[in-house]
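Heads up, there are several structures right after this.
In what comes next, chain A is part of two complexes: it sits with chain B in the first one and with chain C in the second one.
Up next is the complex of A and B:
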């Protein structure tokens, strides 16, 4: 690993390298891949879906307590990829921001406003010397009153954007390539097609045939905008359908 | 890709080039230097057993406890830097007190574990402070949620477990725990198993003297976390020592 030009410029967040890069922020991105997890999000015509792996590292661990899908408000959910404690901290902050908005203005925070707020907070960590950036990426999903189904991703650099489909984590390059081929310009995917695409993307890049206990799926739909996690039986239905197609 | 920190390990607010925070990893190593603590979650309760290494014969027995009560219904066993852990204990007690003051009831263990984990995680973000060098095991029992066991690491990672061990002989103890069918054992049996594991994994050569600390929170104690009563403690200890001699003699054969 060539460390030539980074010598000395990568110790502190507030130092630019001669090429104008912030090395500590780039290292924070590497931290997202440490866990080896990959998450995929896909937006359909009337639904948004996020899928992530479920690897329980220890036989003694209670699997019910290990999840990467979190509810921020009843209608906004997220999947976290990266360092586990940093993820929980960011989820807490997002929940606080959403509640605070509801308290101050009397209506639910729009999903893009929430994403922007989290991204702005991430940016502060990249400029303040005393704190390090959080090593995690947040993918938010929700149904917006004006704009319909929304999928947004934010990262340690403080960048955020809305997507038709996106992935995060160890295999994000391969997953993004897969998604680019499958998602056409106007994505009119039905709910079932959206879930199938997200799951098959993950199984293709991980080269694994998943069982229903090995993945977690979170969805929001226009008919039912509440963020919910699919039960194992529902996941089985999708997995069987994908297997039969091949 | 260096696995030694050199230069990137001086503060918790620095990432290494491969995206690791070395100060947090070093804090986890600090936990491995202290005596083993084992926690088992069974059918009707949770049991803690701690190998308390005695460094001097001048200590009174029962001094420097490593199992504490956080509120009546939650027990906490600690491993690592004990002074750090006592700070965490105070924070946990504050959380319980505030919850009771706001909501009028016992704090759920899951909620307490998340709050304490977030607190410990906050110390892994700034360069002005260092991470806590201790691992926390929290256990409780109530008739509605059943037995609960949570473990919090210095990084702020917190999960629920069926059984866990932290400290010197963590790996050996976990191997022994995985052999047990924890969901079928009741509290009395758990006590025997936990004590047996502590005696088994205790390193006779490196650390001569140790005291066993046992506590439980289960249906039998009506959901209150308590140190095990003297008669039960002596019975369990005798059983553990006996099974150790039995396995020793089996090995000699």
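Up next is the complex of A and C:
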């Protein structure tokens, strides 16, 4: 197949390259890793957990405002990996979509419907030249009325899927390899095991022993489907247990 | 927020080619293989769906129903496919609303192909990076129809075809094994064998998807049904 004459725009806007690739989408994926953050999500038998790093680069910054965990509805939460401004924009859109659904249909948006909606919006950015893809990946967690604990991830290509465990960010390849070994076909992790697995995955791939101020953990459980962020004291309990196990 | 490019991104090259469409077809040819065979009493759709062990296999499907009597599968870019599923489902219901009967296969194919053509000519958009295999049962004629839709907006009726990676080998394989008297059960068997030709590794009920369209309508087979068919191959 002769290398067709691409006018060079295939690297600047989302049109096809001669091999049929979308370079702008591929570059958006690279932008996710720019921040150097990695996030991990694990789904257990009756809970779902997301863990991400917490870096406060300047002592003058208010640490309470430096977070990548966001509540979309009271029962759906997410962790954003990638460019902060794009992440905040996507969170706002997700919150709008969820509220709009509740307004129009009278019941809470199911988590997979929300994820599909965000993914469909991401797909539009890959097909329309006037808007660039967002440089961020959204991992949603929630307890679904019909399907139980759910972990879903969407990316700049507009792809989305449900997962038993997944990671995003700079060390996602290593983290996914770690998780693949630990997660079998019928995984029945308890809440404590789920949190421990997520935290130890992040520790292993970042080769770091975290302090409770260096990571943030978001959870939903069947007993309490409200999305909440673990307090530092709770994180300490998990970290101690992981350290003692080694 | 809806600022639009007013000019088309798909333009003619000096030799008269629409290169964006050709590149889109290349994107399809790089995608996971899909196969479809029309038998006397129905159509089988089969596709490879390789995912890592971390995926929840039930969360995402490639073979999707459009109406009770029509289903489709794709090769190429998943996110683009979702857009077409949505549009196809809406168009099928609009037809039902207007004419009070299930949409004939050719009608839905023409409508979707028209959508795909629009994206090769409208301002500020690129063509879809998917080829669709649409299978439907027409109740007035009491027979199955199988069509392929390309990124260009062209559509073709097939007796049997393959798209995606290694599609040339797939079609050669099918040419040898296709017969006009093929029945659905044998067609499923042949479809699996065709996929197997380009399959790397062990085929299980978790890494392929099968769909059937017959007189009773379109449905995707459950993993246990797929497992039974695979057991018959080995």
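Points worth noting:
Convention: the second predicted complex is superposed on the first by the 235 of 246 C-alpha atoms of A that agree within 3 Å, B and C clash if a C-alpha of one lies under 4 Å from a C-alpha of the other, contacts with A are read in each partner's own complex, and residues count from 1 in each chain.
By definition in this document, contacts are C-beta pairs under 8 Å (C-beta built on N, C-alpha and C of every residue); 3 or more make two chains touch, one makes a residue touch a chain.
All values reported here derive from a predicted model rather than from experimental measurement.
Overlaying the two complexes via chain A leaves chain B and chain C side by side, clear of any clash.
Looking at the shared chain after the overlay, A:135 reaches chain B, while chain C stays out of its contact range.
When the two complexes are overlaid on their common chain A, residue A:16 makes contact with chain C while staying clear of chain B. Once chain A of one complex is fitted onto chain A of the other, the partner contacts of A:92 are limited to chain B, with no touch recorded for chain C. With chain A as the corner point and C-alpha centres for all three chains, the angle toward chain B and chain C works out to 130 degrees, nearest 10.
Judged by the touch definition given at the top, the superposed model places A:66 against chain B, while chain C stays out of reach. Once the two complexes are overlaid on the shared chain, A:127 sits against chain C while remaining clear of chain B. When both complexes are overlaid on chain A, the residue A:158 reaches chain C alone and has no touch with chain B. By the document's definition of touching, neither partner reaches A:211: not chain B, not chain C. Shortest separation of chain B and chain C in the overlay equals 8 Å (C-alpha atoms, whole Å). Residues 1, 6, 13, 129-130 of chain A lie in contact with chain B in one complex and with chain C in the other. Interface residues of chain B facing chain A in the complex, by the touch rule stated above, are 1, 7-8, 12-21, 110, 114, 117-118, 121-122, 124-128, 149-150, 155-164, 174, 177-178. Those residues of chain A whose C-beta lies close enough to touch chain B in the complex are 1, 3, 6, 10-13, 23-24, 27-34, 58-62, 64-66, 83-86, 88-89, 92, 129-135.
Taken in their complex, chain A has these residues touching chain C: 1, 4-6, 9, 13-22, 43, 112, 116, 119-120, 122-123, 126-130, 151-152, 157-166, 176, 179-180, 183, 185. Considering their complex, residues 3-5, 9, 13, 19-20, 22-30, 51-56, 58-60, 77-80, 82-83, 86, 119, 124-129 of chain C touch chain A.
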